[in-house]
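One structure coming up, written as structure tokens, with questions to follow.
For reference, chains read A, B, C, D, E, F, G and H in written order, and residue numbers begin at 1 within each chain.
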Amino acid sequence: MEKDAAQQLKRDLPPQREWKKSGSAYIATFIIMMGVWCVLSGQFDLFHLGLGVLASALVSYYSADLLFDGPMTGKTFRTTFGFLAYVPWLLYQILLSALHVLYLCFHPRMPELIDPQIYRFRTRLKSDLAQVTFANSITLTPGTITIYVNFHRDFNVHAIDPFSGEDLPGEMERRIARAFGEE
Amino acid sequence: MEDILRLIIEKYNYWIYITLMMIGLYAIIAKNNLVKKIVGMNILQTAVILFFVSIGVKRGATVPIIEHAHDGAHHAIRAAEYINPLPHVLMLTAIVVSVATLGVALVIAIKTYQRFLTLEEDEILKQIREP
Amino acid sequence: MKILGLVIVALVGSVLIYATVDFPPFADPESPASLHVSPRYIEKSLDETAVPNVVTAVLADYRSFDTMFETTVIFAAGVACFLLLRIPRRRPPGPRHFRHRLTGLTFRVKDGENGKEIFLPLREFEPVDSVWTPHDFIIEKVCRYMIPFIQLFGLYVIAHGHHSPGGGFQGGVILGAAIILLSVSHNLRTALKRMREKTGALCSALGVFIFAGTGALCLALGYNYLDYRALAALLPGGPIMARSHGMLLVEIGVGVAVMGTMVWIFKNLASLGRYDEGL
Amino acid sequence: MSEHYPALLVILPLLASFFISAAGWFRPVLCFPFTVAGLAGSLLVSLGLLGDVMSGGPVSYRFAGWDPPWGIYYRVDHLNALVLAVVSVVGFINLLAARSSVEKEFPEKAGPFYTLYVLFMTGLLGMVVTGDAFNLYVLLEIAAITGYALIALGKGRAPLSSLHYIFMGTIGASFYLLGVGYLYIVTGSLNMEDIARLLPPLYESKVVTAAFVILMVGVWLKMGFFPLHAWLPNAYTHAPSPVSSLVAPLMTKVMVYVMIRMVVTVFTLDFAFTFLGLNDAVVWLAVVAIVMGSLLALSEKDVKRMLTYIVVAEVGYMVGGFWLGNSAGFTGAVLHILNDALMTLCLFLAVGNIVHVKGNSRMESLPGLFRTMPWTMAALVVGALSIIGVPPTCGFFSKWYLLLGALEAGHYGFLAALLFSSLVSVVLFFRIFEVGYFEPLGGSHGSAHGDDEHVVREAPLGMLVPLWITALGLILVGLYTGEIVGRVIRHAVPAMML
Amino acid sequence: MVITLIVVVLLLVGLLFFTGGTVGLLRFPDFYSRLHPAGKLDGIGVLLVILGLSLYQLFPLTVASAVTGLKLMLIVVFVFLASPTATHAITDAGLRAGMEPWKKGDPWR
Amino acid sequence: MEPLYSIMPLIAVLVSLGVVPILMSSRSANVREAWTFGAAALKFLIVLSMLPTVLEGRVLVCTIAEVLPGVAIRLRVDALGMLFALVASSLWIITSAYSIGYMRGLKEHGQTRYFCFFALALSATIGAAFSANLFTLYLFYEMLSFATYPLVTHHQDAEARRSGRKYLLYIVGTSIGLVLPAMVVAYYLSGTLEFSGHGFLPASSSPILLGVLLFMFLFGFAKAAIMPLHAWLPAAMVAPTPVSALLHAVAVVKVGVFCILRVLTEVFGVELLASLNLGTAVAYVAAFTIIVASLIALTQDELKRLLAFSTIGQLSYIVLGVALLTPKGITGGMVHIAMHAFGKITLFFCAGAIFVATGKKYISQMAGIGKQMPLTMAAFFIGVLSVIGLPPTGGFVSKWYLVLGTLPADQWSMLIVILTSSLLNAAYFFPILYRAFFRQEDQSRNDVAVGEAPLWCLVPLMITAVGCILLFFYPFIFLRLAELAGS
Amino acid sequence: MIWQLDLLILTLVVICGIGAIMVRDLLGAAILFGAYSFMMCLLWAIMGAVDVAFTEASVGAGVSTVFFVSAVYHTTRRTKD
Amino acid sequence: MDDFFLGYALFIGGLMALSLYRCIYGPTVLDRIVGVNAIGTKTTVLLILIGLLYHRVDMFIDIALAYALLNFLAVLASARYFQKRKGLYYEKPY
């Protein structure tokens, strides 16, 4: 029985992260970098664009594997759009809880209102990226901070008061799962 | 009295650089901890930088990057419109020097620590005196 | 010591205050400093060098010789850190500590016979530093996404020193910071894999060489040292644009040197010259 | 090519540093040849420059083709040409001697060591040749940073000493920079000659006075002038021997040169001597420096450390000689830059040899050294005689001029201090010689060892030859003092002093 | 005019968040709870302020000002990437360094 | 008369310098000694070859380098220098021979070093003799100081160390502390340091300054052992006897006196001294030294110390003679350099021979020694006569001139001093002779009958003793030189 | 040049400087030194020295604090003053 | 509008001063880090405001961007210090 559990755990272990470079990753990085370059540069003459091409090529040569773990697939694009769709909701959430924390900050009897607690829960998100997004979303939302995520996907979250922390993982996790196609 | 007040107001930037300089100098001389001294040293260097940058400031002038159209046509440039760029150039160099000095100083502080297992100057001197 | 410090500070302070009394007022546009040398820089630099950022023009052209030595200072600092801290070793040490990923136990692995390195199966064990740090994939992931952008930004800063603030030094520091970020967020070994010690060191020497070499090239072409007009023979665009391009070349040199050196110093400082693990 | 000499002088070592650094990673064997090539290049150039200056008067060079107040401008007159030659010669000779020590003490770090060596030389040469006040600061920092690192390479408490050096050096450099800033705020220029041109109407300004004071304090800190010398002995003592024989002869001398350059070219003598009238006070300070340096040297048990205090005293010679404010004093000070560089080089090289063989330079390890290391000790004697001021070694002649200057200026305190320090040097060095000449305790004198006993255990030839070149150089320079003074230094004496 | 009004409102709201962040930073009992206002309210503040500022400088609308606006938004993006990570790193460090979170009823730290 | 440019003086100086490397590199004692001999003979011949020219009244000049404006390292052979060089170089040959006997007899260590520095010291002495200006003189004077230090401390024991310190303290201390500034002042006053027959110091300078200057020179050249700066000389007697003999009877102390002579006659000039009445002052100092040294010598027991004090007194004769500022006095003083050298070296050789043969250092041990070593003691007797100034020895000639010198100067007191001191000399020397010849030796102490010293020791002292007598009959070369120099 | 801001930031700079010197913990000193360099950067920006501000920003934020922290990491945080 | 921005910048400066309180008196180093982080964020905004006051905002954005990108490097490094098992109070509480 115990042996089985150990086997199970072993299978669940995430694979050792590897740094693979693939052609599609190069190209994608190049395109992204070129776009950012255009935004940064704001000058569209040949000379500066040429420099941009050079710089983007350099960056994609050097760190394409940092930006993309593996080769690009259709899923990458889907995830990107899903993520973009998720952002407005997140901003809205942030604003809402920010108002709450703001209220706490200015409240004269603040010490009585707050009750910091650490919540522990296990998420069902699988991919690293989704977990990172989730963790950062939690942290970005005022009132909650992700303290630590172990590789069992246990989240330790510090919440300033029960109001902030009670509906975790809840809605947010669902939306992220949808955005990253892990429904 | 009025003169003194005017003096103080007219040159407030310079008074601050003097203050910083004195803080840095005091830290270098009087502090006991080597890393503290290094911090003081950097403050001293920034004080000098502050002094130089203050020289360059001109009332009603803008940053020393000339506004020009991309086709190369530009109206006549008047020096009074732009802040004096020369101190900035010098101070870029000075900042670089201070970073370099910081790096070397920290490395040497680490070496000192490796040898004496403390960063307190008086303790080190005591160790040297009583081996 | 405190009293001595106070006395010295008081002495120096009094000299400084004494001098300040006769300063021209702060921010006075009519002060001598604003009237003698600098007006020419402001008024002529665009015509003479086609560079709107006067600071860059002065830095890389009028007073380029200063800047070359500024780069040299950085290079010297890098070499100094290396000389003082680096513990020379024939072979870089392999990973010595492995952490069992399930139980969280850390094992120290000695070299096998004949000095061969032993690797534990990487699926269950991960190589870690002697002081274990949590394997925090949030930080790792975010930093991985940010580093390319930081690098691009650094390159942008180097390339656009002519038009906006920035230039070789700032860009170089940002580029270096990207690598430092990689090292801080992952571990030193990862950063070392990306940029070997030799590469960093050579970069910092190469940067100085690019700068000095550009000057020497001008010398070889029959002009004065660092007189970029000489480059007009090699580049299109006439002597004024040659100045602009020469400046870019020089800024690239500065950037390369500064990046290499910053990373070099950091690696030495962070690993105490052992190059096995660091901050 | 000869019109590019001022640039080449600095550039050659700088370019060499790249090759040395690269060779350090690929073929460490090549480090030394590259270093020699770089420094030999600048040595030749500096000699060529000296020849040019002697035949055709001052040489100038505009970097990047810009005219002086805007671009950086180098100007070589008789004064810098001489100091340049001294610096490059001393650096080169010491390089030859350094090789054995480097191979013994840190063979695997030869690459970075030589790189820093060359950069140090670059900084010093640049400082001497430059005509721009800020450029001088940058070069000063190059020399300083490389110096810190090289000194910290030593054993024992070297890092701590080096750290103190960093602090004091940084304060000094910052003060220098501040002084330049003060000058800039009232004149708006950084070119030395331009400042000098703009300064006369501003003599009444408190800023100029303060600039002068703070700049001088900064430079004095860097050179280890008496009340500000505290960092110097430790730093030079604990440095590895090839480093102390590089830094000790050059750094202080170059800073003295900077002081002279600042006073003569930037502030002009008119301001420094006539308007401020500080000269008497400074000479008295120099007197204190000489006396204290000598006395502190007396209390030392370590030869190297003793030499460092002698350096302190010698700085007093030069500063005092210059501030006497007459032609003979100036000649003496400049001549002493040349002589003292060679003398200290000789002494530090000799002590370096002793350290190389014996492991340290404390008095206890000296006995019997005249028998085991006769060549080294003989050179040490020559150097010591020069410090004492015995003709025909060169030390006598600078002392002669200094004495003459003191007499002309009627400054008998300085005269007495010079004589006093000479006497103390006699005591100092003969203490060493005595210890080295007499055998180790244990009564092995008399007829115990016969004549055929040759227990020579000398330093390697690579260290002896440079040492002897220096020692012979001391005598040669002494014999050619007339030439040097007549053909070079006399032209460097500012008109007001004549 | 409307634009100006929007800008002012955005800035003021941003300022409110900033103020709240600072007040919270000063008032909250321990380091974990201080992170809530400091790290996060500031982030929101930055978002709003930069939104306002980029809106303000967008007019007159040219290529350059558009690019500048985009650049400003780039700042927000990076702040939103970096700030939670930094916060997370600090809390993690605090917990590992052995700092106990403040519980209701504990003395003020 | 036109000076004659010649490289000979330089060669004369460099000959002994040239053998130093050879001496250092050779391992065999015989080769070393052969080279030393060769060099000594060569040097003597070179000096001799210049003698005729000098006797003609011409001057040989050789400029080496112009080191300061108006000051060159320059050698010049004039009569006074010739006189001194002749004495020094001729005695070097004899001393070399004596050294061989002495060093081998005692199996001394470090003989290579000994001969090297010996040669070096001789170079310096000849250099000083041929110096054309004050600077060159100072150069060789210092060189001599440092070259003799290892000789003085040859034994390398605690006593040697102590005397070495004293030696340096006095010699180098005064030369740096007094001569150097005096030289600078002289240069400052006149702009040159070149010797000239009438002195180069401008007569217009302030008399007080000149007086101070004179006394700085007088005491600065402490090798002349003018009291109170004489204490190094007895202390330096720890050196091996040949060293004492050559250096402390001939080279070192004579260089000191020689320097003073140069200063008196060619820096200040007789006229200037006379006009300022400084000569008398110097004469009084010298007279004081003469009397006091003789009195101290009376109390000495150690033979070499006694000789040392005798030397102190005799040196002051020379100074006194010149300070009289009369032609006869000057001649007498100068000739006394030679006469005293021969006499004193004989005495020292004898002392050394006694030490080699018997190991005795003290006079009280020397009872009856005249019977054991008759030849040695005979030579000793001749030396004593010469030092006291009795005929038929050379010492009489010089003393005669000194006495003559006092007469025109109307210095009766000086005449009395000279005569008194002669008496005193006799008073401390004759007891030794008496003890040696007429007292029975103490049988209890000396079981073994001791013979004469080795031949290498004996022959040189015989030669010098004979020389003393010859100089009485043929003093003309020296007299001629001294008169040339005095005129 | 905006003198009101200038004055404010100048005060803060001085406070930061004093704080960095006085704090009894080297890591704290390093961090306060980081704050000091932020302030300095602002100051340069206010005075219109954009290039200097940029340099200070990149150095202060990116490099010098990290150097300090790694130095402190390898030595000690203890300080008596 | 300039006056408004100026006032705004001053207010943010005041907030920075308040955050500085946490930097200097923060009981633990972590509090100081938090304070510096807060100051860093405000600096970014302030830089842009200064740009607006100079009417050259495009010149100041780069600096702000550099801050946004690099600000957390220092925080990360200091956090790393504690993650490497160094106690909060290293030798003794101060």
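Everything below uses one rule, namely that a contact is a pair of C-beta atoms (placed from the backbone, for glycine too) under 8 Å apart; a residue touches a chain by one contact, two chains touch by 3 or more.
This one's a predicted model, so the numbers in the text were calculated from it and none came from an experiment.
Number of steps on the shortest path from chain C to chain F, with steps defined by chain touch: 2. Annotation of chain B and chain C: jointly contacted by D, G, H, touch as defined at the top. When each chain is reduced to the average of its Cα atoms, A sits farthest from chain F. When each chain is reduced to the average of its Cα atoms, A sits farthest from chain D.
Centrality by C-alpha centroid: the chain sitting nearest the overall protein C-alpha mean is D.
Counted by C-beta pairs in contact, the busier of C-E and B-D is B-D.
One simple way to say how far apart two chains are is to compare their mean CA positions; for chain B and chain F this gives 70 Å. One simple way to say how far apart two chains are is to compare their mean CA positions; for chain B and chain G this gives 11 Å.
Once the centre of each chain is set as its mean CA position, chain D and chain H turn out to be 46 Å apart. Touching of two or more other chains is recorded for residues 21, 23, 35, 39, 43, 64, 68, 71, 74, 78, 81-83, 85, 87-89, 92, 96 of chain E. Residue numbers of chain B whose C-beta contacts span two or more other chains: 12-13, 21, 25-26, 32, 54-59, 61-65, 67, 86-90, 92-93, 96-97, 99-101, 103-104, 106-111. Residues of chain H in contact with at least two other chains: 26, 33, 35, 54, 58-60, 62-63, 65-66, 69-71, 73, 76-78, 80-81, 83-86. Those residues of chain A that touch chain C in the complex are listed here as 6, 9-10, 13, 15-16, 29, 33, 36-37, 40-41, 43, 48, 51-52, 55-56, 58-60, 62-64, 66-67, 128-129, 131-132, 135-136, 146, 148-149, 151.
Contact residues of chain D toward chain B in the complex are 134, 137-138, 141, 145, 148-149, 152, 156-157, 159-160, 162-163, 166-167, 170-171, 174, 177-178, 181, 184-185, 190. For chain D in complex with chain C, the residues that touch the partner chain are 4, 7-8, 11, 14-15, 17-18, 21-22, 25, 61-66, 69-72, 108-109, 112-113, 115-116, 119, 122-123, 126, 132, 134-135, 138-139, 141-142, 145-146, 148-149, 152-153, 178, 182, 184-190, 194, 198, 205-207, 209-211, 213-214.
Residues of chain G that touch chain B in their complex: 1, 6-7, 10, 13-14, 17-18, 20-21, 26, 29-30, 33, 36-37, 40, 43-44, 47-52, 55-56, 59, 63-64, 67-68, 71-72, 74-76, 78-81. The part of chain H that touches chain E in the complex is made up of residues 1, 4, 8, 11-12, 15, 18-19, 21-22, 26-28, 30-31, 33-35, 37-38, 41-42, 44-45, 48-49, 52, 57-58, 61, 64-65, 68-69, 71-72, 75-76, 78-83, 85-88.
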